[in-house]
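In what follows, structures are represented as structure tokens.
Here come two complexes built around subunit A, the first alongside subunit B, the second alongside subunit C.
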Partner chain A sequence: MFDQLIVSVTDGMLIGVVYGLAAMGLTLIFGVMNVINLAHGPIMALGMFGVYLCYTVLGLNPFVGLIIVAVLGMLLGMIIYAGAVHRVIDAPHLSSLLSTFSVNMMIIGIGTAVFSTSFRNVNYSLGTVVIGPITVPGTRLSSAILALMVTGLLYLFLYRTRPGKYIRAVANNRTSAGLVGIPSTRVLAMSFGIGTALAAVAGGLIAMALPFTILSGGAFELKSFVIVVLGGLGNPIGALLGGIILGLIEGLVPVFTKVTWVPFIEFVLFILILLVRPQGLFGAKQ
Partner chain B sequence: MSAQNNSGLQPPNTSAAPAPSRFRSGMMGRLLTPGLVVILVAIIAAMIYGATGGAARREAWYTVLLFVGLASSLNILLGYTGYVSFGHIVFFGFGGYIGFFAIYQLGWNLLPASLLGGAAAALLALGLGLAILRLRGAYFALATIGINEAMKALVINIPALGGPNGMVLNFGIYASYGGAAQAQWTVYWATAVLTLMVVLTSYIVKKSKFGLGLMAIREDEDAAEVMGVVAPRAKTWAYVISALFPGILGVLFFFKASNIEPAAAFNLNRSIELLVMVMLGGQGTVLGPILGAGGYQLLRTTLLTSDLALFGLKIKDIQLAVAGLLLLIIVLFIPVGFIGWLRSRSTRLRRWLE
Partner chain C sequence: MALLEVRDVTSGYGELQILWGASLTVERGQLTALVGSNGVGKTTLLRTVVGQIKPWQGQVFFDGQDVSKLPSYQKAELGMVMVPEGRQLFTEMTVQENLEMGATPKRARAKAAQNLEKVYTIFPRLKERATQKSGTMSGGEQQMLAVARGIMGEPEILMIDELSLGLAPVLTLDLFQSLRRLRNEGLTIMLVEQNVRMALKVSDYAYVLSEGKTATHGPSREVENDASVQAAYLGI
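Presenting the complex of A and B:
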């Protein structure tokens, strides 16, 4: 029993940080421009296919493929911002929700026609790491470490660099940021780009662990919503902790009851947090 | 024209201003407008057209009428009150499950089972509304997604409701409704009449003082409360009314399909499609969701059966992408929807397009 718990906790934490990375993209966009990106799931799916294509067609190491995925994800995000988000950024919520959902429909529509909906997987192995009772696939361990590294870099970027400070300034007050000379449109486009790049990279990491289709992003999008609310909407570091909590729930609940209860527990927790602590588990009182 | 200003941009005039003398005053006078005629003609024409072309046309128009009903019910919350619900389909699924259970396990007739489904959905909305309508904007939208997903996950874990596989009606059950073919017609007419009722309810709400309160909440909830609108109560009632009809429509739908399963009952994508329909036609108008739902369904059918190709991809394979592109264009350039756009173009049309 104890060994099993240790294994579940490890599995949960490893996948949790990857979930957290995905949710970070969603929460960064929300924090900066108050937009819930409903194309988040399909963008993750594109990240999965990006790594898959780099590996199978170009023969690249998946972790090298991730760099390409990140760059393309950034570009895609900036294009989505310019085409679908910029015009409705000050409109009521419904407009930006529907405009990002229309991007979702376009990606899924074209993706389904191009890739069909059959399962793919990235058949790449780094062997296994054995520590006591725990056996971890090398790719999972590397994915988790990479996700933590990206989180650290994001933190440094937001708090230690000038563009990062611009992003935080625009998130804080767009009008005032504009008044002191920050090019807020460019900063918004950059933030959306970083948000989608994070989602795409997280998708790529998941692709190394699980089989996927173009529709697989949907489930992870819902998980990202839960994580984002756990960690506090707009709080990227909270998202990492939220991701770990979700991973732990997914790891531990099946030890005690049927695995089908996992989504129920997740979403009830999600609603309760929204009602009782809308600033998230780690947010300050507003 | 009506006594109130319907643009929704100016504060509603709740004082009972005397209507111009050539109009009848009182509630009936306010309700009988040219706009009502247009709405009734649209629904009744669709209902009759769908019924006069054999089973294939009936199936197509059943779907149209169903979505008109669902979209109009969503509009009461979304369009009038301004609360964006992504999980409206939860009432369709939940009501459907309760009613289906009554038919399948308890042997109830379709009529009481449908009413039970509607009542169950309305009660669910009452309980949920008291809790989640305190949330505003994106938080409310996210909570509705959570409720739909939590309900789906819950149903999957209840063996009495069939778990992940759902329930399947024995075909013999249709015998007591005059055979399977007759049962299809019964459901068609029941859905059509119900859709008419949803649309009439939507119209009456819009013309009532209650509706004015909702629209005041939409424009500025805090100001509305200062002006004497009891916002929590009004919002909860709007939520309950908007949940009642999807519950009944759900029972009819799943009875007609003869099976129900969690993924079909709590389909988040269908829920978002409802939002798209309301948005296409024009949120906050009565006619908008009717045209939006009808137009969206007909467009999808046309795209699905089209032989055109675009960059080597067949239109029917990328119909979702084409629909997405259209949605984007409308959201970006005509955010008030088709009816809203017409209303803003011509004051004369406003009397006809409620």
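Presenting the complex of A and C:
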């Protein structure tokens, strides 16, 4: 029983940081421009297919494929920003919800036509790593480490570099950002790009662990919402911690009861947090 | 040639017209005040000049160039820097980061180190608070930071909206004296103020705005002695 718990906790944490990475993309975009990106899930699915295609068609190592996915994710995000977000950025939330939802439908529509909805998987293994009583697949461990590294890099970017500080300045006060000479529109497009790149990379990491279809993003999008609410809207570090909490729930619940209870527990938690502590466990941005 | 010229500008928000043909010029090296009662369009004029809202008619010239349609970030690159009403700091960022963001224009980045030293000399308080989140400072300190952030932009013209708003009189006097010093060092300043008496004391030239138009203008001492201005704004 104890060994079982350790294994579940480890599994949960490893997948949790990847969930956290995905949620970070959602929360970054919300934090900077108050837009909830309803195309988040399909973008994760595109990340899954990106890694899959790099691996099966181009024969690339999936981790190398992730670099391509990140770059393409960034570009896609900037295109989505220009086409679907820029014009509604100051409109009421419903407008941006509808426009990003349209993007969601377009990606799913085109994706279904191109890839169908049959399951794929990335058949790539790095063997197993044994640490004391636990054995973890090498890809999961590498994925988690990579997710943590990306989180660290994002943090350094936002707090130590000039473009990163521009993002924080635009998030904090867009009017003043313009007054001091920051080209807000470009910074917003870049932020949206980074947010989608994070989602796509997280999708790519998930593709190495689980089978998926073009529709798989939806479930992870919902998880991202739960995580973002847990961690506090607009708070990237909160997203990471929220991801780990969600991962732990997924790891531990099956030890005690049926795995089908997992979504129920997650969403009860979601509603409880909204009722009791709407700013999230770790505080939202003002 | 005047550094800044506003020619017959009309503008407003949506359907609501605020400016009805405002004109003014700001000469290089002078401290020019724009005064008037609440709601006559002073802030709107400044926002139009700096590009936060576009003029409906009329033009804004900066250094002889028509800049009427430039967005504010490009105007900052030219050296048109505004210190907005209500400070509008990056409240979640530190004092130092706010100053760093102030030095975003290319022309400002080259002189950032020098300007940082300058603003820390003018406002030593800010140096003590360099690593503090700006939103947690007192109102007076925040206003200092707002002006300092403006100076970091290496302005050709520094346009300050309602410097005295919400500040204790002593602090206001301090800040006005700092402005006077900056002007004596050669900085061109445009000051928008509700505190007409103080603005006329500190400035070289003054415009009185009334109902969205320039009502009267002249050297500040003459405006101060103008009978109608005295009756309307100075309670004499």
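The rule is short, and it goes like this: the second predicted complex is superposed on the first by the 283 of 286 C-alpha atoms of A that agree within 3 Å, B and C clash if a C-alpha of one lies under 4 Å from a C-alpha of the other, contacts with A are read in each partner's own complex, and residues count from 1 in each chain.
In the analysis below, a residue touches a chain if its C-beta (ideal position, glycine included) is under 8 Å from a C-beta of that chain, and two chains touch if they have at least 3 such contacts.
Just so we're clear, the structure is a prediction, and the values are computed from it rather than from any experiment.
By the document's definition of touching, of the two partners only subunit C reaches A:Gly181; subunit B does not. Of the two partner chains, subunit B is the only one touched by A:Ser99; subunit C is not. Once the two complexes are laid over each other on the shared chain, residue contacts for A:Ala113 go to subunit B alone; subunit C is not touched. After overlaying the two complexes on the shared chain, residue contacts for A:Leu76 are found with neither subunit B nor subunit C. With both structures placed on the common chain, the touch criterion links A:Cys54 to neither subunit B nor subunit C. Contacts of A:Ile227 after superposition: neither subunit B nor subunit C is touched. By the document's definition of touching, neither partner reaches A:Ala197: not subunit B, not subunit C. Legend: residue contacts after superposition of the two complexes on their common chain; A:Lys258 is shown touching subunit B, with no touch to subunit C.
Comparing subunit C and subunit B on the residues of subunit A they touch gives the larger count to B.
Contacts of A:Asn173 after superposition: subunit C is touched, whereas subunit B is not reached.
When both complexes are aligned on chain A by C-alpha atoms, no subunit A residue touches subunit B in the first and subunit C in the second. Partner subunit B is touched in their complex by these residues of subunit A: 30, 34, 36, 38, 83-84, 87-88, 91-95, 97-99, 101-110, 112-114, 222, 225-226, 229, 233, 258, 260-264, 266-268, 270-271, 274-275, 278.
For subunit B in complex with subunit A, the touching residues are 78, 82, 84, 86, 131-132, 134-135, 137-139, 141-143, 145-147, 149-150, 152-154, 156-157, 164, 272, 275-276, 279, 283, 313-314, 317-325, 327-328, 331-332, 335. Only residues 50-52, 71-73, 76-77, 81-82, 84, 88-93, 97, 100-102, 104-105, 108, 149, 153 of subunit C touch subunit A when the two sit together in their complex.
Only residues 162, 165-166, 168-169, 171-173, 175-184, 285-286 of subunit A touch subunit C when the two sit together in their complex.
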